[in-house]
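Notes follow once the structure below has been shown.
Letters are used for the chains, namely A, B, C and D, taken in the order the chains are written, and counting of residues starts over at 1 for each.
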Amino acid sequence: MKIHEYQAKELFAQYDIPINEGKVCYTVDEVIETYKSYNMLTVVKAQVHVGGRGKAGGVKLANTLEKATTAANNILGMDIKGHKVEKVLVAKAADIEKEYYVGYINDRNTKSAILMVSKEGGVDIEQVAAETPEKIFRYAIDPAMGMPDYLAREIAFKLFDDIKHVRQAAVIFQKLYKLYVEKDATLAEINPMILTPDEKVLAIDAKMTFDDNALYRHPEIEELREADENEKIELFAKSKGFSFVKLDGDIGCMVNGAGLAMATMDMIKLYGGEPANFLDIGGSSNPQKVVDAMNLLLEDKNVKVVMINIFGGITRCDDVARGLITAMEQIKTDIPVVVRLTGTNDKEGQAILRGTDFHAVETMSEAAQKAIELTQS
Amino acid sequence: MSILINKETKLIVQGITGRDGSFHATRMKAEGTNVVGGVSPGKGGQNIEGIPVFNTVKDAVEATGADTSIIFVPAGFAKDAMMEAADAGLKLVITITEGVPTADVIAALPSLQKSGTKMIGPNCPGLISPGQSMIGIMPPNIFSEGNVGLISRSGTLTYEVVNHLTKNGMGQTTCVGIGGDPVAGLYFIDLLEMYENDPDTEAIVVIGEIGGDAEERTAAYIKEHITKPVVAFIAGQTAPPGKQMGHAGAIISSGSGTAEEKIAAFQAAGVDVAKEPGEIPALLKKRMN
Amino acid sequence: MKIHEYQAKELFAQYDIPINEGKVCYTVDEVIETYKSYNMLTVVKAQVHVGGRGKAGGVKLANTLEKATTAANNILGMDIKGHKVEKVLVAKAADIEKEYYVGYINDRNTKSAILMVSKEGGVDIEQVAAETPEKIFRYAIDPAMGMPDYLAREIAFKLFDDIKHVRQAAVIFQKLYKLYVEKDATLAEINPMILTPDEKVLAIDAKMTFDDNALYRHPEIEELREADENEKIELFAKSKGFSFVKLDGDIGCMVNGAGLAMATMDMIKLYGGEPANFLDIGGSSNPQKVVDAMNLLLEDKNVKVVMINIFGGITRCDDVARGLITAMEQIKTDIPVVVRLTGTNDKEGQAILRGTDFHAVETMSEAAQKAIELTQS
Amino acid sequence: MSILINKETKLIVQGITGRDGSFHATRMKAEGTNVVGGVSPGKGGQNIEGIPVFNTVKDAVEATGADTSIIFVPAGFAKDAMMEAADAGLKLVITITEGVPTADVIAALPSLQKSGTKMIGPNCPGLISPGQSMIGIMPPNIFSEGNVGLISRSGTLTYEVVNHLTKNGMGQTTCVGIGGDPVAGLYFIDLLEMYENDPDTEAIVVIGEIGGDAEERTAAYIKEHITKPVVAFIAGQTAPPGKQMGHAGAIISSGSGTAEEKIAAFQAAGVDVAKEPGEIPALLKKRMN
């Protein structure tokens, strides 16, 4: 689950991680009021669940009320990679002596949380990682030990020489780790963490994401959820037991299993078509699930064809075929539906579907080709 | 031969009195797996279709000599179940449970490591050595005995591939679903090493997907250490960045974890990469002759 | 540091460990009032920092106001192994179906905290350990793992068969471990933990001691200190940098180092004398320390002779000898002082002491014999 | 020969800029110990009497190749210092600091174990291999080279015994003060095993005290595994139960840890127990002829 910068900074403040003061604003008037109360160099930042705000014009400095007003007018309501900006963070701009990168993520290779730090802060860390990987220091955190003083200090010495700065950074590493672990985060990033001319170390940006699987034990994090339009659809899908991601094509996909669902989208693309979505309906495929999934797909008016790809494993394909017929009786639609059934008793399943409105086929590639053909008719 | 499990494997089922646990315990037993016991605190002394139930894993191991466990407990209890299995000294633990918080897996792994317990999963379909033992939730009838070893991050996509293999007369030594979570137990490289050392495995299929850099590391490892032919398939070529495709691990973060990178890495390591699952048997045949 | 049962039960309550309700009382009137408010079978228990209260008559049941009053009169003010009873715990007596032993201690062999449990509760656990060790189950706790659910349950199954009881006991094990670790305890004991006829598991006694070295980080535990007379002297000694234990003999001992101090006491006993105390003045032996230590020893009117045994290590014996002379100039006393100096430059040191009021000797055994001789003159 | 330390031992001093750290670093260096560096965060680049100071143990190890460390930091920082030493991969750590909370020692030990780092202490005088290396705070002049190995829970009592040994012409291979705390690193049995394997050690002196059952376990171990003559001394025969005699570990809990029990255990294992320290050289001579 993603949260906004202003929310991450509120969590930072709860954990005594130093940040620059700021306030979230939903209207131009609120921005004006906030600017007036600060009356100093201020930064206005779009709050959206997508990276690259700066490049998209979603972050502006203002040293006059006029400039702050202009920034608010420009940023509020703008579209950044399909995300509409509904709020901005208005924050006191800090004087920057140097910028650093600090980030915790879970790491598949070390099978632990890792802390990454770099003197190359304030820029795209992925680019640093790709071009000058030696400038990023990575430390795997032993979950039993956490982030002891010596380790936090050792890491801070990679960024700073002066013990005064080292101690401030070390404490930030420790507090951020505490926040990361206690809230089941999957990312906690400060980019940049800065050193000010008066030798303070603080976080002037903050990014956090959380483990969906652990939200059940963090209602206080769940409360921070501010889903945008796309995310609302995905959440609705999740409430039905689906994994769903909307795309821009015209072939609606319904598949059991995430890997097979991805492979299905790939197959459509391979044969020249465009998938309208990723949809994993999960392990089983009972009639109600099919009805719910169809309704979800048909909400997307771009969808011209639906392609159902089911691997009958423990549930046999003949049972699945009967379920599909039951399901489709409840759905009134002219959209053609291509069905491919494989696995246990697949021949029997395919036989049952023959003679129905379903376009029943035997293989994934046939299904993809048939679906593409139907979009063109 | 096979890797990790065979006819001698003695299995206990943690969470055997739950809906999934009892269903799959019975299925596995019917399939010929040596299911020697189950664990459910407070249900010790009962039995599920003839399988004795114990209060603790330790009790079950003492009474049955079990060396392997499969976990079906709810996500919130999975960490504890993994640690209990480790503490009881089991050799192998297969965690089927999905939705386990990543921090819980990270927290349980040191216990497993301490006791030398290997884990597969969580959020995985399990593994099968056809004709010998099935420990998981896969449909056994699509598998067949043979000489191909398979490793996959996916469930149904694995079945899709296995179905193609079996229909093309290519049986399997062992098929392992390692799961789609961001942090998991045994991974591609661990299993490749085992397949390399298994005399009956003649070729290996690796089914990867987007997210992380496990496939890239695997490719580098194959180039260095694996002499047997390897064919790969990567799912998620059309996935957009920043979106989680079902599996928590299947997410392209800005600039890394894409299918293109993974395919390129495999190809650079001399691994044939199938464009679609149906192509895998032909690629294998080409390399195995 | 020791605390009383009533204080340990207050900590238990803070950690949601179920206990039987009770109230500490300092007077007979308070006991009467408490009994009236409970108006049921009640137990009156002496609160002293020493074991064996029950055998000494310090624990009485009362089912009438009269009996409670008698118990209060008898117990308040009584002497248990040299400890005067200044307060009692008046608690509702619980119905007991079965009694169990539960205790955490730090264990030198496993180098960890261990949990010991037994079905033989309510009796002297040391006796059970000596006579039927197989009836005590011991579990070393991995500090990185703590007390996970499965382990707490596994241990509880050693005491109970019914899962309802197992779950209650397991939670007590976990909460007691949390208390033990969070407060740096060195002992946390429930003897007995009981099962009641209505199937509740609860603690009806509680004993805790704490790590003196860790008290600096637990002011809330330090506040629980209720030192009795002997403990007050030891605390005063500690404030001077000494380790001090009062004994019943007549030879005051002053030694640098705990092991050597014990060996000195042993030596006195070996030659037929009786040490008045254990006193370790620590690593160095500057004149002020000697003055403070002498004043401490001379407060004990039983002391007839003082025996100083110093090993001159890094500090040379000749410097120590000069320090002793300086120190004794400040102390007016007729008590004879035997001094034995060994180690670096011991000959020189002994030479300096010759001709002073000190009875200077060369070996520990000479010192002990001389001191004993002087007590008899 | 010797155990644990010798002329090759390269030592760093953690907390070298503190009062005790700088004093003893200088003393040890003067005594011929190979003190290659010190650690004090923020003081990196400075030097103490010619000994270079580093910001972290890792830096010190990288620059100097140190394999051993001695810790003089205040009690509240000792846990962190032990863990830092372990993480830097040192072979041996001697923790002199007294007053370390027992829970901190327990919490640090898994880190030490993980990296295979041995520890002596805390709250100990250190150890010395006369003529080779001294790592600790003992008075070096009382020691002499020879063939007796010594292990002790006490400080000055050890010096008392060593003084008797040296004056009787009985030099030492290595003398180790394991410390008087309730939980500590290397203990009697670990060191007895090393002495048994050290060709130059011909006899062993064990100085125990009341509290715990380490001496009883040690006696059982000696009976089973030690072929060299062992002489023991136990301090605290006159200590009353329930009172801590200076050392946190020196406390007789109800019914166990008494000197009588320990002496009986040693005697049952064929170990001569001295009535007073001065008797030790004679007992050794009797056994070594």
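What we mean here is this: a contact is a pair of C-beta atoms (placed from the backbone, for glycine too) under 8 Å apart; a residue touches a chain by one contact, two chains touch by 3 or more.
Just so we're clear, the structure is a prediction, and the values are computed from it rather than from any experiment.
More contacting C-beta pairs link the chains of C-D than the other of the two pairs A-D and C-D. With centres computed as the average of Cα coordinates, no chain lies farther from chain D than A.
Per-chain CA centroids place chain B at a distance of 55 Å from chain C.
Distance between chain centres (mean CA atoms), chain A to chain B: 27 Å. Residue positions of chain B touching 2 or more other chains: 110.
Residues of chain A found to touch two or more other chains are 144-145.
Within the complex, the chain B residues that touch chain C are 41-42, 55-59, 77, 79-81, 83-84, 87, 110-111.
Taken together, the chain B residues at the contact with chain A in this complex read 27, 75-76, 99-107, 109-110, 137-139, 141-142, 152-160, 163, 180, 182-184, 187, 207, 209-210, 212-214, 217, 233, 235-240, 242-250, 253-256, 259, 275-278. Considering their complex, residues 144-145, 148-151, 153-154, 157, 162-163, 166 of chain A touch chain D. For chain A in complex with chain B, the residues that touch the partner chain are 50-51, 106-109, 111-113, 124, 126-127, 129-130, 142-144, 181, 184, 186, 211-214, 216-217, 243, 245, 247, 255-263, 265-270, 275, 278, 280, 283, 311-314, 342-344, 363-365.
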